[in-house]
Amino acid sequence: MNFFTTNIILVENTLVVILLALSIQIPLRLGVFSFAAIGYYAIGAYGSAILMLEFGWGSWEAMIVATLAATAIAFLLGLVLARLTGLYLGMATIAFDLILVVLVLNGGSLTGGPVGVFGVLGSIHLWHLALAVVIVLGLLTFTERGKLARRFDAVREDPQLASSMGINVFSYRRLSFVISGVLGALAGSFAVNLRSTVAPESIGFGLVVLGLTVIIVGGQGSWVGAVIGASIFVWLPKFLEFVGDWEEVIYGIIVVLAAIFIPGGIVGLFVEAKHRRQSKRNKEVIELAATRLAGSGEGASDANSQVEGALSD
Amino acid sequence: MVQDLLNSLTLGSIYLLFALGMALVWGTIGILNFAHGSIFMFATFVAYLVTERVALPLPAVLIVASLTGAVLSVAVQVLAFQPIMRRAKNQHSAELQILIGGIGIAAVPIALAQRATLSNPFGLGQSTFQVQIYEIGDVRVSNIMIIILLAGLILGGGVAWWVKASRQGLALRAIGVNDEVASIMGINKQRLALSTMALGGALAGLAGALLTYYLSAITPESGDALLIKAFAAIVLGGLGSIAGVIAGSLILALSETMVLTYTSGTWVNAVSFGLIFLILVIRPQGIFGRKEVVRT
Amino acid sequence: MTDNSQPVLEAVDVAVHYGGIKAVDGISFSLMPGRITGILGPNGSGKTTLLGALTRMVSLTNGRLLFLGKDYSNILAPKVLSLGISRTFQTVRVLSDRTVLDNILLGTDALSGSRAGNIREIVRQAIERTGLEGFEHVRPGELSYGIQRRVEIARAIASQPSLLLLDEPTAGMNQHERQEIGGLLRQLRDEGLTQLLIEHDVQMMLDTCDTLLAMNFGSLIAEGSPESVVQNSAVQEAYLGKRTGQDA
């Protein structure tokens, strides 16, 4: 009990970061390099704060409206940026996030300018957040099994193949913007409710970096990665207390090492290990079947097909 | 009016020197180096440390900064980007990894500088160079501004010429167009990548020292702010085009100066962010870029 | 009851132009039910682009496409599968991080309602017919190119098409495998599956196809029975230097 109460802030942060990480992860799983989730977080946080402080709304109503607003903007963004892919899409979405920061900085008394918003007291508690996260993880599990998981993979790895298999790639990509909007806004809204404050520096590029590093270190393919990554980065400072001001350096080094050596994240390590075990089991099967298929010892292609092969490029 | 123009050109030259290095590497080798801002800052920081002990003249300071920048860039390439590219499964994942690797490695010099300076600004005031301001009519020009403008002009033009006319420049463009064919034709991508990174880093270091003289100080966080502006300049001008980077840098600087003059300073950053977003939506290939660069 | 005189697919004056290039330049043909139609042509003749146009992955500059009499020239690419048209690709396209079984299942994911039937049985059959028993839990990256091609074919079959378009399905296979695949395609045809086959191996075309089309520079230069097309002088000229009797 004592552990929990002394670390309640870290637990809150972990849950919020999980939602944020998921809001970036979903588009990435579909091959959409959108980092706009940080912007949706900002809309969720500032939206809730303003509705509650300026207009006296309750926590839940404010959360719902702020999330709806973020989702609508996310949908529009998905349409406007539909033709962009890869780094270009990434940059456009980061630009979107940073534009929001500038807007917030210049928002005068409404957004509190550089100082931000204080005193947002709501009726949302930690267990609400925990419940929300559990529900989201449960729903996401559906997207990590069977048909939906396969389709996600196809959309990410080979959109043309996906198309030929009846998958509307554009729809899936638009959907990823919408889901990202919902999750990002919820993360921001919960955050401002539980911390009672939000400021420009907590919604800026630093948040983009946090989200990305959580996913790279944890793993891009599954919510388990988001959970692991979030846990590591929220709790790391506590365990690194002894390193004092070298914390930033250690952080940076961990990120680089992860990017180089475990691009699939921690979850990726487990998946690869599983694949290697399976490969070993499959080795015999492959060798047996390969000899069967090679037919009557005609292993090599004959001259004609070699010529065709050479011409086929 | 003329003063604004002069200020813009000076700022634009700094942006150009910084963005050139980034554009060269990105447009050809395909690496988006997020550590570029950190290198810019740390190279200047090293120059600062040196001048604290030895009062060097301007050229020496500039050389120290440039060399440090070059070394740092090469280090980043060798320690981070090369290993990532060796291991990468495909283009897609390599891009993300390089992006994040760059972000991670950028944190290290910034943190080191922050510790040493306690996040306070640092300048190159201990060197022998003194900023002198001349007044021509109601226009104020300083010697450092002239130097910056010259650097921008000479180096900007020089790099543009080099890319177009030299063998290495041709090789670089060949890699940018078709990686595999380039290597079949004997172009050593690895070596060219290293020298391009070195050149980019040197330009960044130079830009850092010059900017520090111009503003009289920079902070450990200054590099990151420039990073996004470099994107804006490159995207606006069009990736793969040196003329584009030049145009983009100048247009960006001009727009920012105008916004600064007619509104308050808090909207200045919105210019670069807004430009990035608008260009990518309306004309992703930028002013001078090739159309195939952005695929659906 | 299928009307065997109505074509399954009709291409009417189909043209695909990119910039100044006329990849496909006004082609018209029909695919009759229960027949295998082959397309022969040197590289660059526009065969793959034509396939792209038929599957709506490439836009038509001109012309119309009809499936079972209905115009589908403007539908979205993902809808093509639900019409009943499946395809394989010139370069093997499989999900390399997924098992063979998963890749084949991808073909069944779009099946709904009456065509869904028993997924397990459909997949089992697809695996059996393409000789992939035992490979279910292997990932394609660990397998030879020829086996990967079979996975593509199995996936296409699993999607229960009424028209199957194959783009060089036996590239990278040895002669024995090629014959096996040819046999499979003929068997599928006997069961009523209409097919369009692009291939380079002329003997295979002679053995497998009921009708042959020959293309060059985006146009049809010959059409008819395989033997007649192969012996056509314009076709032989297009294949300058290629001896057609070599495979016998």
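For clarity, chains are labelled A, B and C in written order, and residue numbers in each chain start from 1.
Keep in mind that, in the parts below, a contact is a pair of C-beta atoms (placed from the backbone, for glycine too) under 8 Å apart; a residue touches a chain by one contact, two chains touch by 3 or more.
Every value quoted in this text rests on a predicted model; they were computed, and no experiment measured them.
Asker: Using the touch definition up top, find the fewest steps from subunit B to subunit C.
Answerer: Contact-graph shortest path, subunit B to subunit C, evaluates to 2.
Asker: If we define chain centres by averaging CA atoms, which chain lands farthest from subunit A? Would you check?
Answerer: Relative to subunit A, the chain whose C-alpha centre sits farthest away is C.
Asker: Please work out the Cα centroid separation of subunit B and subunit C, and write it as a whole number of Å.
Answerer: Each chain's C-alpha centroid was found; their separation is 51 Å.
Asker: Taking each chain's centre as the mean of its CA atoms, how far is subunit A from subunit C in angstrom?
Answerer: Each chain reduced to its C-alpha mean, subunit A and subunit C end up 39 Å apart.
Asker: If you average the CA atoms of subunit A and of subunit B, how far apart do the two points sit, in angstrom?
Answerer: It comes to 30 Å between the two C-alpha centres.
Asker: Of all residues in subunit A, which touch subunit B in the complex?
Answerer: Residues 28, 31, 33, 80-81, 83-88, 90-92, 94-96, 98-99, 102-103, 105-106, 205, 209, 212-213, 216, 245-246, 248-249, 251-261, 263.
Asker: Show which residues of subunit A lie in contact with subunit C when the two form their complex.
Answerer: 147, 150-151, 153-154, 157-158, 160-161, 163-169, 275, 278-279, 281-282, 285-286, 288-290, 292-296, 298-302, 304-305, 308-309, 311-313
Asker: Would you pull the subunit C residues touching subunit A in the complex into a rising list?
Answerer: Residue list for subunit C touching subunit A: 42-43, 55, 57, 76-82, 86-87, 89, 93, 95-98, 102, 105-107, 109-110, 131, 133-135, 137-139, 142-144, 146-147, 155, 159, 168, 171-178, 180, 200-201, 203, 246-247.
Asker: Show me the residue ranges of subunit B that touch subunit A in the complex, using the header's touch definition.
Answerer: 32, 79-80, 83-84, 87-89, 92-93, 95-101, 103-108, 110-112, 114-115, 224, 228, 231, 235, 266-267, 269-270, 273-274, 276-277, 280-281, 284, 294-296
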